[in-house]
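As structure tokens, here come the structures.
Two complexes come next, and they have one chain in common, subunit A, joined by subunit B in the first and subunit C in the second.
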Partner chain A sequence: MHDYLLPFGPQHPALIEPVHIKLRVDGETIVGSELVLGYNHKGIEKSFESRWWAKGVYLSQRICGICGAYHTSCYCQGIESLMGIEIPDRAKYIRVLISELERIHSHMLALGIVAWEIGLDTLFHYIFRDRELVMDLQELLTGNRVHFAMNVIGGTRRDVNLEQTRKIEGSLEKLEERFRYYMDIFKNDASVRNRIKHVGHLSKKKAKELNPVGPNIRASGIDFDVRETGYLAYKDLKFKAVTGEGGDVLERCLVRWRECSESVRMIHEALLTLPKSEIALNVPPVIKIKEGLETVSRVEAPRGELIYYMKSGGDKPYRVKIRTPTYQTFHILDEIIRGYGIPDVPTILASIDPCFSCTDRMTVVDVNTRKEKIVTKHDILHMKEDREG
Partner chain B sequence: MNLLAEAIKRVFSKPSTRKYPKEKPEIPKGFRGRVEWNKDTCIFCMLCAVNCPTNAITINKEEKTWSIDIGKCIFCGRCHDVCPTKPKSVNNSERYELAEYGKEKFNLSFNK
Partner chain C sequence: MFEMLFQALVFPGFLAAFVIGFLYLGIMRKVAAHMQHRIGPPIWQPFLDFFKLLSKENIQTKDSVGFLLTLCPIISFASVLTVIIFVPVAGFGMVSFQGSVFVVIYFLVMSSAFLALAGFATGNPFGSVGSIREITQLVSYEFPFVVSLITIGYLTGFEIIPYFSLHFPFAFLAFLTGVLGKLSLPPFHIPEAEQEIVAGPLTEYSGPRLAMFELARAIGFWVLISIGAVFFLGAGNIVMFAVNSLALLFVLIIFRVVFARLRISNAFRLYWFIIGPLAVIDLVRALVGFY
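So, the complex of A and B:
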């Protein structure tokens, strides 16, 4: 028996960004896969090192167009902990407000794409039409549909007023009804359910082993959400993580829909209990932080846990290391497409909601020997020992 | 069936798209459009040029010129935030139709 190698991408109708997946197929069935990245590297981590702290906020926003508010929020959170300041309560609430609005639009985008990948363009267009409601709210609050530039070091830039609050409440009411409608369609409509139920299965045991983040692990029944640690104002808003059971494509979609509803609930509560205080501390444009200080900050982005490691080099960072959610999730693809057919690949790929441009990393290759430099776990442990003496 | 009912309902309802060039979208207050400069209030303190994340703004103090490269501008509005004058000399306008023929047309220079 032979298996054949079927290239999927880098240019493929189902892909929005370029990525190359080598599928090993036996007839129609996939028996293995290999992920080839490297089409999107932007060198952002390096270019942080040549910017002032305050200018880096706008750079971090451009890592991803969909989760920009999370990147800035995480970056600012890290710098604030390096500086040893705490932002005003109102700023915390506004950050949550913007983040949750962005989560809704990100999840709706992901789910719309799932609908599109299974060939149901009608549903895709309906979801994207309703997504416009959130986009308009974001424009109203921040002055732009994407790239909000809302978070700054020490707080947020704009306040929420009563008129905006009313508009948000009105739109969210409409949206909540739509969420229920879409959840019903995903669960009960035969043309959707038959394509996504029992497809791309990730068991709880495998999920624990492979350890993805975000809705992908929660759909397998593991309760892992950074928001439960209660950073920003999540503690006051009584956040509860949404989990599912079964871990197939349908479950991943349903977890996202339920998370949207949870976000709506939190936004309502945040608007009701918005504390009265300043929205930002007075932070000078050039910040000096003692050299060598380190910090790790993390937030829950729509796709999962987002981590920033930062080391200070004075008025600029010495090093910024970012672990984006998809980087920690992408390897589950091999597990969840094995055993399914070729037409299921786009659906399964869309269901893990990948963001390729955040995932790309650099590989050091020796030009003469064509050897790649790989840092293993052993090397990292040695590095630590060397450092400790 | 649920989806079909929705589709039939939508045939008779108003389209959710807009006939764009004829029908302009409603711009909310505080929209961050093209950056505009007020020559009467500017004191040439250089703060906007220094704080611009992409170095899109250049100022010549001797010749009293203020110029911006719209191709580089990321519309973050930081120049407006740091401007010390009252009223602010650098503002985000509501202009959003910024396409041009040719790169050089993005380089805007203003004289006092």
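So, the complex of A and C:
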């Protein structure tokens, strides 16, 4: 039997965002895959260059709907290092608090989708019901369920009071219990395990070679977590990276559940040891940074390492380059899909927790000649020069 | 004559199959929703969907085979509806003769086979994969399903009459899993796995043709649950029939809620190497009279 082409996306029920995976299928077995990006490019990197530093915070918030707090946190961290200021301790703790809450809700979303992809709607609905506990906490702390806009240059926008602390502690206790329950289901339920164990395997050697980030590499047994560098308040919170073994879909899921538990522990710890100080420095609305200064800022987003490269152009950035975690994780997709069946494709794709809209790059297609062209940094710089004359 | 027409067109024939079949679907969706901490659609939602589909246009893709697109839903629907003639629902038997079990088996296979053919006729890759799965699944569940019907049929003279058969637990299990497979219910919703192959054979279907398939599915619910209630749980009168049917529906809902989807290879192995041999045990017991 010869193989045929099965299009997976850009419109497909298993996909939340448009991406196109061309699957070469022989019967029910995948013999090859090709990823086609470019369906939701937003041109955000370019828009940074025409905004003041402070306005960029709003823009970076909107790169991702799920991990927006990490983008602002990373962006602000970069600017703060360019300005040479250090934010107050309390602001560091609050940033960690919001980050970890967001990590829990992001992981629960990803795991709920894994449950849905294997055709178990009940587990999906249960996980999403419990995810509401975190969403409520986020609303309580920041006023918004998503897009918190909590980080500002020089600190955070809101403080945490005692009443909120008590509510958080209560909800987290409930969540902790639910995490144990779900971990048990993922590990021991026969019909779930049947679909996710020994699927989408990524060996330690291959993981080192292809170098994904976040839970995807940690599940293969490699200890790589930016939080271990101890940025913000992670040093004081005695953070320990969670790693797994085996690197199949099940292990990636379990690493995420364990990370949720670790986040809960850190939130408890952070609330207990919250230092008393200001929550934000007084930073002028129009920031001027010496031209040509550059910095790299890293944070650990739920999906892995998030990097901002920034170069100053005075009161605006000259260039902001964002490397989102999914961009780095896509390289493993072909490796972990090949050899498995059509039923495993959605599960594997969900297990790497992709976020296409953060990642997308622009491809220009000439409709008449059908030629594709990737827009490079060089072209973008030229565009800038053309515009400025 | 008039009685016959009434039975064919109203109860237990077309009208009852239409109303109760969709009602079963609606109840299933509502109860499953409540089990999943959702509110769920109103139980008359399948009717609304059906009439909405009837009012839409038929869209035909370039690669499809036109006459098959129209023919398959009609035959699929007609063959599954014909089965009800041979099932004495709540004591209303229309046609009954020795060997009607085989006719029932035949018509039920017809319905699934034409669904698979419909998928191939659309010329869509998802439709093709769905059809291959539909046929693989048909080949898998048919063996235990047929064995279970023959087991009970052997004792009733291959005629569908009320018979209480829970002393053949494996035959009942084989029948139940066969029903799950035939109706593509979890964990056997493999041919129309939404996350993998969109809607399987029905991917390119729209409008009245899709409505016809929906109707065939609803009537499949009514027919198979009725066979279970009468042939396996021995419903002789209307009260018993209602109780048994709802109990069976509830069991199907439980299956739907607690299981993840199997892979097609898992399903094949499960049917042939676990449920099939178990069903054969009961068949042998029936043949040698050990029960």
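Throughout what follows, the second predicted complex is superposed on the first by the 361 of 389 C-alpha atoms of A that agree within 3 Å, B and C clash if a C-alpha of one lies under 4 Å from a C-alpha of the other, contacts with A are read in each partner's own complex, and residues count from 1 in each chain.
Definition applied: contacts are C-beta pairs under 8 Å (C-beta built on N, C-alpha and C of every residue); 3 or more make two chains touch, one makes a residue touch a chain.
As the structure is a prediction and not an experimental result, all values here were calculated from the model.
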- Message: For A:185, using the defined touch cut-off, is the partner it touches subunit B, subunit C, both, or neither? Pick first, second, both or neither.
- Response: first
- First, second, both or neither for A:304, with subunit B first and subunit C second: neither
- Message: Just to be sure I read the superposition right, which of the two partners does A:28 touch: subunit B = first, subunit C = second, or both, or neither?
- Response: second
- Is A:13 contacted by the first partner subunit B, the second partner subunit C, both or neither? second
- Message: Output check: A:126 vs subunit B and subunit C. Expected answer is one of first, second, both, neither. What do you get?
- Response: both
- Message: Touch test for A:143: subunit B only (first), subunit C only (second), both, or neither?
- Response: first
- Task: Answer with first, second, both or neither: which of subunit B and subunit C does A:343 touch in the superposed model?
- Result: second
- Item | Overlap of the subunit B and subunit C footprints on subunit A, listed as residue numbers | 120, 122-123, 126, 129, 189, 191
- Within the complex, subunit C is touched by subunit A residues 4-7, 12-14, 25, 28, 115-123, 125-126, 129, 189, 191-192, 194-195, 341-346
- subunit B residues touching subunit A - in the complex, by the definition given at the top: 1-3, 6-7, 16, 28, 30-32, 47, 50-51, 53-54, 74-78, 81-82, 92
- subunit A partner contacts - residues on subunit C that touch it in the complex: 32, 35-38, 125-126, 129, 186-187, 189-190, 193-198, 257-266
- subunit B contact footprint on subunit A (complex, rising order): 51, 54-55, 57-59, 62, 120, 122-123, 126, 129, 132, 136, 139-140, 143-144, 147, 149, 152, 157-158, 181, 184-185, 188-189, 191, 285
